[in-house]
């Protein structure tokens, strides 16, 4: 069999290299071949040397076009970690934070989570930021019994990944349902049109809003757009034909500002409604007068006079010289919840930490009081905000 | 016996007739040359016969079968092979592989066979390889079998194109200016080679400007001018055809032609 | 089911190798520029996933069936578009990719933008290594055969290939079908590794990433495609561990690398070296004893 | 009511289409002369928008100045890209400059992400857009402005190509580089000039679109770039009137596609493209090139 010798040799070399590299990796992992998947990383003997610190990680996009969300999330977690380290750490141990970039890519999110868990030996992760990241990183964390808490992945199904996966953000269903009810009952709006971004976030919001709005009022038209689009005039011209009183925009502030502006330009006079994707000073910057009067749901309100919120805003501004957004606030709260649970678990990870996390009840955070439902999803209050004179004010 | 018969062939490009009602017959076993000045429509005729273009009007029968609208690869399979005016070899492939590719339409291994490499496949491969070496030997390129085709000198590239055409096991070979760019010695070798091909029973249709070559080996010559056939007959007749000499050959060539 | 970090990266690398060598078959060997290769990966991934999730088909069967469906799409896309040449083909494949992504985003069964989750984790380094070996091995067998030589002939000179009796349209479609089949396998492996897929994984940027692997290593060279895949998989991960500051700039470097690469060595890193023997050694060129002529 | 909506959609389509046409011109001019799909064109467009944005927000210049500055910025960038990334590859295989273009595109996009951050920025036009009524046809003054500027630019381009010496040189170079060179045309200069003009048009499109949507962000070039390219192919790549018509058709197809099935908006645009390619493989106005045998 000399015919394909070159090929065969190359194939063998590749196979051997793969196995050799796999072998090299072996000592560093605790149970890579799956034979002892029950072993807990915090029990590993190698942990001994680094027992004086508690390691946690974050994953999220720090580069790329979704970097805004990832950087805010990382900053929020850093503020929480700084706070606890300044206060003497957890049981005398300092908390060390490892942040990994995912570029918003789910493959990289899985790699990043694997690195944090297997190389850096973190006991918990705050993240991912985008739902798709959490979808691939979550199962890895869950298998490794590492607690993971996402502060912004709103897609349905994330808490179902496993018992180690928690979520501290407003669920799309709750937000949309409550706003539909509020708009119909409290604002007296009757005819709704919906425009949603065709991704997991927009679709979840739209489904929930449409269901509730049909119950309490009327939905005259539903339109959609793709991520990154700029021209909504075609959809808006169509919507205008139906003469709605309100337009629910299930999407993010960049597009929402353009939609509001283009509807104003087309003479479409409607009450603009939205969800937490609206919450950014950029909404007003980009939308100008057209977003005046817009009403939306949110989980955080930076101008809330309460002391905890103002302390956070002050600390954040000092550290990063910018206003914290909702991502930062929710990440901060997620980190606080996590750190409290770590403290209760005496710095242990794994099962002990999972149990403590699940026990969290009415945790007083800056995004409201948080408890976890049985599946690890946060149950918390919803704030309704309105744009008035270019500023956000709290309606409820 | 008539091998190929084209009738009333007309090809119009953007309003201009590259060929205008041309009839052509090729008898089995003959060497027919196609001459005429540049732009007379010689290569266009080749392209019609080999299926590269479909004529605006007219018909072509090969072995009593209509081949208009047949694809080039099917025409090749029926037994027509060609070389190109501007050499078109598979430059990155070896000389041997070029000839092996020539036998494509005479072999049948598919993807599954290729992956499994059954004994039938190996047998076919061996056969193809041996035949390719035989053909290379025949054209005198066996020493260069492993070279990349693009690295061959010009004359040898022409011969390789011929070898590749021969590998398709054609009955009719269309050679488009095979001697272009060759030195006299190479041309002589080529004449010998075409003669040998003819001896093997191959019918040859030749486009050539080298009058020595044309007059030397053609059994019949057909002359095109501005897309029209102006003469058709044995070399001695063409040589003295006033119409050809006047309309096409010109003074300088007249001497050349008559000297042959 | 845990996998250490290096194994994880290696597994991803294996999948990328399959993608790169399969695109290399289409673009490198056959010379048909495709900007929609990730589409085939996506079709494989979705088919395999749906078969497993909805019909509980076993892994291996889903994987193969997914690849078969991808191949079918390669055929469906190939038949009308392969009449187009060069840049037009490229833009048509890009268009088909975007259309497929749009359809995946709007279909109920694919979960729309939510994607599909809860896929069992089956893919591991051993399965991927076996798949890589099988793919490369079979690809080489194809390339040394009459079929592979026809692919190269089409790349070298389509018209001459037709004159040699090669049905170029059929062979181009065949290249697409085989390439799509392999990409479908890669897609299935991907789905069963990450346990979650959504349409955005298989968009234009992924296609470009695969193309860059092929180009970086050297078009028309299997070893080059492997090297390209290795570089573009491992390099970003390497930069991740070197320094977060550099990591911030890595996409900028990535762009620069492509430009510099094209200027300094446009034929790719490994061009000129041949990975597969052109013909089996048993049949290698020897002075034929046969006499010329008949 | 129906007609009012219909005409409103036609206006939407025309405005969108005219920006696609401006982008498409850049692709088509470069393709016409180099046979290269200049993937970096979407980033040239983005750069134009940012240069204009800086003029408006930092230097508080009026819109017209921003437009000119955006065009100038894109123009310079285009020429630099050609010198650095494409010129060394003029003799390489066809795919090499294409990959180089993709590299430039990735580089510029991410450099912009680092410099400006990923967030969209407001692009104030410094004038109030009002809705104008012409009977059934209703159009915003902003839409009208964009239409007028686009048409003006295209007319200027047409004049430039058909009535000037450099235009003649461009046409000659596009037809046959070698012959043009023999005729004493400095083809390097002509190619630079082509990039300059095509990029300036892309930059103009960037500023116009930035104002139209009141936003600019580093990723803004991706989709319009793709659509502009599609428009160029649709019209017959390398053909200048074709690019304009392709842009308008694509704009219309998208707008009306969005009316009837907004979730398939992009798919419709590409489906139209593929259908046209299949039935008229060189685009609507492209010429059939007979391969020389």
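Chains: A, B, C and D, in written order; residue numbering restarts at 1 for each.
Keep this in mind: a contact is a pair of C-beta atoms (placed from the backbone, for glycine too) under 8 Å apart; a residue touches a chain by one contact, two chains touch by 3 or more.
For clarity, every value in this text was computed on a predicted model and none was experimentally measured.
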item	value
Contact-richer chain pair [A-C vs A-D]	A-C
Chain ID, smallest distance between chain and overall C-alpha centroids	C
Centre-of-Cα separation between chain D and chain C, whole angstrom	31
Separation of mean Cα positions, chain D and chain A [Å, integer]	36
Distance from chain D to chain B - Cα centre to Cα centre, in angstrom	48
Two or more partner chains touched - positions in chain D	110, 113, 263, 266, 293
Junction residues of chain A - those touching two or more other chains	63-64, 198, 226
Junction residues of chain B - those touching two or more other chains	52, 84
Touching residues (chain side chain D, partner chain A) in the complex	1, 5, 8-9, 12-13, 15-16, 110, 113, 117-122, 124, 129, 131, 138, 140, 142, 209, 212-215, 217-220, 222-224, 254-256, 258-259, 262-263, 265-266
Complex interface listing, chain C residues touching chain B	138, 141-142, 144-150, 152-153, 156-157, 159-168, 174, 178, 220, 278-280, 283, 285, 287-288, 290-294
Chain C partner contacts - residues on chain A that touch it in the complex	2-7, 10-11, 14-15, 18-19, 21-22, 24-26, 28-32, 34, 37, 62-64, 99-101, 103, 106-108, 110-112, 114-115, 118-119, 132, 135-136, 139-140, 143-144, 155-157, 160-161, 198-200, 202-204, 226
Of chain D, residues touching chain C in the complex	31, 35, 37, 84-85, 88-89, 92-100, 102-111, 113-114, 226, 229-230, 233, 237, 263-264, 266-267, 270-271, 273-274, 277-278, 281-282, 291, 293
Touching residues on chain C, where the partner in the complex is chain A	1-10, 12, 14, 105-106, 112-115, 117-118, 121, 124-125, 129, 132-133, 136-137, 140-141, 193-196, 198, 200-201, 223, 226, 236-237, 240-241, 244, 247-248, 250-251, 275-277, 280-282
